[in-house]
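The first chain written gets the first letter, and so on, giving A, B, C and D; residue counts start at 1 in each chain.
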Amino acid sequence: MDILQPGPVTVGTAPSASETTPGLAPEQLRELYSLMASVRFLDTSAVAWQRQGIIPGYAPELGQEAAQVGSAYALDLDCDFAFPTYREMGVARTIGVDMVAYMSTHKATWHGGMYDPQESRLAPIQAVVAGSVLHAVGWAHGQTLQGTPGVALSYFGDGASSQGDVHEAMNFAAVMNAPVVFFIQNNGWAISVPTEKQVAGGSVSARAAGYGMPAIQVDGNDVVAVYEATRRALDHARTGHGPMVVEAMTYRRGPHSTADDPGRYRSLDDERIDAGKDPLERLRKRMLADGIADDDFFAAAHETARSEEEAIRAGIEALGPRPGSEMFEFVFQETTPSLETQANRWREESDHA
Amino acid sequence: MLESTTATLDAAVEYAEVEHLSMQQALNRALDDVLTADPKTLVFGEDCGRLGGVFRITDGLQAKHGDARVFDTPLAESGILGMSVGLAMAGFHPIPEVQFDGFAYPAINQIVCQIARMNYRSRGKLPMPVTLRVPSFGGIRAPEHHGESLEALFAHVPGLKVVSPSDAHDAYHLLKYAASRPDPVIFMEPKSRYWQKGPVDMRDGGTLSGARIVRPGRHLTLVAWGAMVARCLQVAELAAEDGIDVEVLDLRWLKPIDAEALARSVGKTRRAVVVHEAPLTSGLGAEVAQLITQQCFDTLKAPVERVTGFDVPYPSGDLEDEYIPNIDRILLGIQRVLEYRRG
Amino acid sequence: MSGRHTGEHIHTVEGTDPHLHVEVHEPAEGADAGLRPVLLIHGFSSSSKLNWGDTGWISTLQGAGRRVISVDLPGHGRSASPEDLDSYSPSRIRADLLQIVFDAGARPVRPGDPSSGLDVIGYSLGSRLAWEFGATQPELVHRLVLGGPNKEDPLASFDLLAAQRYLADGTPIEDESTAGLLKMAQLLPSNDLFALLSLIEAIKSEPFDPAEAVPHMPMLLVAGEKDERATTMPELAELAARAGGMVEQLLVPGRNHSNAVTSRVFKDAAVAFLGA
Amino acid sequence: MAEISFPLPDLGEGLIEATVLDWLVSPGDQVERNQPLVEVETSKSALELPSPQAGKVIRIHGAPGETINVGEPLVVFEVPDNTAGIVGTVPKDDAPKRRVRLSAVLDED
């Protein structure tokens, strides 16, 4: 297991990284692989959808499958809640969100996606970098006030770590001893700016010491290590020990979005050298070596991913625009006279002629 | 490092008299000129350096002017604007970029409480010659927070000036003009017009301080700014088919508003419709309507009409065309004014 | 897997660790053909990067769904330059290669199992090593592709003394082949000249005798039409054919010993031959 | 459309030129980033040059056998000059469409 322990990170009260075999059954490893295969296939397909004009844009998560699937797999969906950014498709898939409803955000159907956040335990897709980190802290503090065992899992990246809101969120969480896990996917790049020009001190997890919070830095391309680290952090928060930081070191293998051309700021050599091990290939080898999966299994996993994607694509293609009346409908629980007047005017004028 | 130069803005670069440029290119040339002429100028923001900006407005500027003067910042708008305050206090002329309109919100504290007030607080000792470039307005099917119209928000803040160009020519000259002013200017770039080409007279910008009549007419004045100017010009052509001669006034400066230009135009046409993408309530249309009514009340043939976005969060791409004033909605606004009879 | 051959598994086959740099390149995403790995052996004064990476071989093979094992020979590329002469002897290199391919997962050929066995592609000196490797490992090697092959190792006739004199005080080298090889070695600042001379010295003590051990597996021989270092290719082909192996030959139009290696014709033929 | 020139890159170790062996693309081809463009030979080795970007090839420089200096144009790509920003799409400049017609009696009092 590759849990990294860099010099400056104070581990505090966190359990030390063990070298023992993690407690995942072969069946769970097979499930993790199948999830990653589905996510990988849907992700690369979504890029193709954009090229084919099915969706106007997409933010790929290629290379971050282990970080997303491994962390989300550790959630207890009976009580926990995840707060994504706009690049957590792997998290959504892992916790079982309706993927047509999730991907509808990229179809430009509805900004936050069409899924039910309460039911799915996934907050709406968040376009503002670091926008939801404070929401996670507030939600977590609510669990403390209610005496419920839920933990908030807040996703953000190395770029977002520059936002003042992240500082405010970590400080609030530590002061309030809120059950929140700050899960950083350090994927090396914030659009065109590399981590070394983004994160002073070289790691986000090192900052946890300043808030008196434990941190684990983990190889984000090792799904088992990510799962294990996240499970420990969730346990830590759940048992009343307060917030914790997990920093998964991974790599954004693709562009920032379908409109981005990484050739303008990094070379192919950079990508070859920095991308690290392919998370899927890594787990595949491990399973083969341990004899818990054979080629038939992998072929079946890929076939499932393929048919899943087909169904999701069909669902996305079938999505029409929402009725324009919804623009007005969801502004308030109780609408205002002015807004009603505007809605009526809109209705009349769209029916005109 | 930064060297001093005696070159003036206008003498800095020799161009052909009239060039055919997109607004993107015109803004890039304006920044290049300002960086060349004024060694105190700094251009920075998220992805502004090596990438050249997500809309390529700063493309090539880092290579030409060096990474001390054109640089990438961490991803934090409040930090970008806060740093601008300190740089201006140290004598620089910052031209920061907020990558998208919606990401000005995280920086509102620094914009409203510091940049807008530092001159006043210091009794004129600490001017803030900051030109904040904000790719603005909708129309490109972008995700949430990438299609906002913040002019009323900014215009409401004492200490700020606000301007928005509608074509490549104005983009080039207004940006150079804004960057040469001693007060903070919010420069709202209509991103849906970035790719539109037009003639730019590189030598003669004309009068840059007020509004501009882009189409003269006799029967009614359409008042607009940014991307709505081009749409109003289309409407004016269609109205002409129906025998209505529409004047289009590009307001350009949203603070201060050129009240005299409004009075001159509407005093002549006696009818006015204001068009903007921003939501209706407390939008600048209200301000414009009040200025017209105040000045032309006796001769107005009808109340000033507003055709605007709705009081809803800017919708997703599929509904964008339902939200932004379209040709029919503007024509219907015109029709309401034409039909009005004092009763 | 990548890095020096000392990483997780240290095998001091001959009592010392040769510190050879090995890289394993996985098939391109979604292209895995499920076939046996391909071992690449580069030429004298070259490296895996120069001979196989920059020339597009590795990406071509990956694109064809092949798993590729590349090794830098001692004194070349990112491998170490051991002091002892024995580390450079062809027999020792063959032993190291055997251990490397086993560590990388290659297994003896099992009839009916396309993922078993090992395909080997060599170029120039690498072809000599591949010939001998195929001849001595018939259970492991499935097919051979030999580029720019020669029945006599040009390095065996290298005038070592003249080269050493030239390096010491600039005395001109009379033998044309020796001067040419030395010039080639000197062109790359990354080359460890003295390690390369050690390799030559070791080769001279174990000269190539293709008739001594002839590989029996199917073999594709490829050379540039203008390759003066591979004019004896037909004789090698005849040797192999006489021993009962299936042999194909291919001449690449217009190419010589140094530029035949990038040729698409060569790559396409090799991919097809190994995939058959 | 805009053109982007890809000059012969610095091939390392002081090389100043390379000879074209064979082109793997032709004008008119749409290439992907990293796709091999051309085989070249230097005084030290032969190699394939991968494409630094996606685009349509509009010109290639150097027939097989010809020598090109480092920094001289090798391939010219055509790229759309209306590239959108990091998000969103370039709006189409459609002809104006109307459904509403104006009707008014303009009493010039």
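Assume contacts are C-beta pairs under 8 Å (C-beta built on N, C-alpha and C of every residue); 3 or more make two chains touch, one makes a residue touch a chain.
Here's who's who by UniProt: A = 2-oxoisovalerate dehydrogenase subunit alpha; B = Alpha-ketoacid dehydrogenase subunit beta; C = Alpha/beta fold hydrolase; D = Biotin attachment protein.
Everything numeric in this text was worked out from a predicted model, so none of it was measured.
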Could you see whether C-D or A-C has the larger number of C-beta contact pairs? C-D
Using CA atom averages as chain centres, what separation in Å is found between chain B and chain C? 66
CA centroids of chain A and chain D: separation to the nearest Å works out as 34
Between chain A and chain C, the Cα-mean centres are separated in Å by 46
So which bits of chain A are touching at least two other chains? 56-57, 191, 352-353
Residue numbers of chain D (touch at least two other chains): 50, 83-89, 99-100
List, in ascending order, every residue of chain C touching at least 2 other chains. none
Pairs of chains satisfying the touch condition: A-B, A-C, A-D, B-D, C-D
In the complex, chain A residues that touch chain C: 278, 281, 295
In their complex, what parts of chain C are in touch with chain A? 26, 29, 34
For chain B, which residues are in contact with chain A within the complex? 46-47, 50-52, 54, 72, 74-76, 78-79, 102-103, 106, 141, 143-146, 280-281, 310-313, 315-319, 322-323, 328-329, 332
Touching chain B in the complex, chain A uses residues 56-57, 86, 105, 107-112, 127-129, 159-160, 162-165, 190-193, 197-198, 264-265, 321-322, 324, 326-328, 331, 336, 338-339, 342-343, 346, 349-350, 352-353
So in the complex, the part of chain D that touches chain B is made up of which residues? 81-91, 93, 96-104, 106
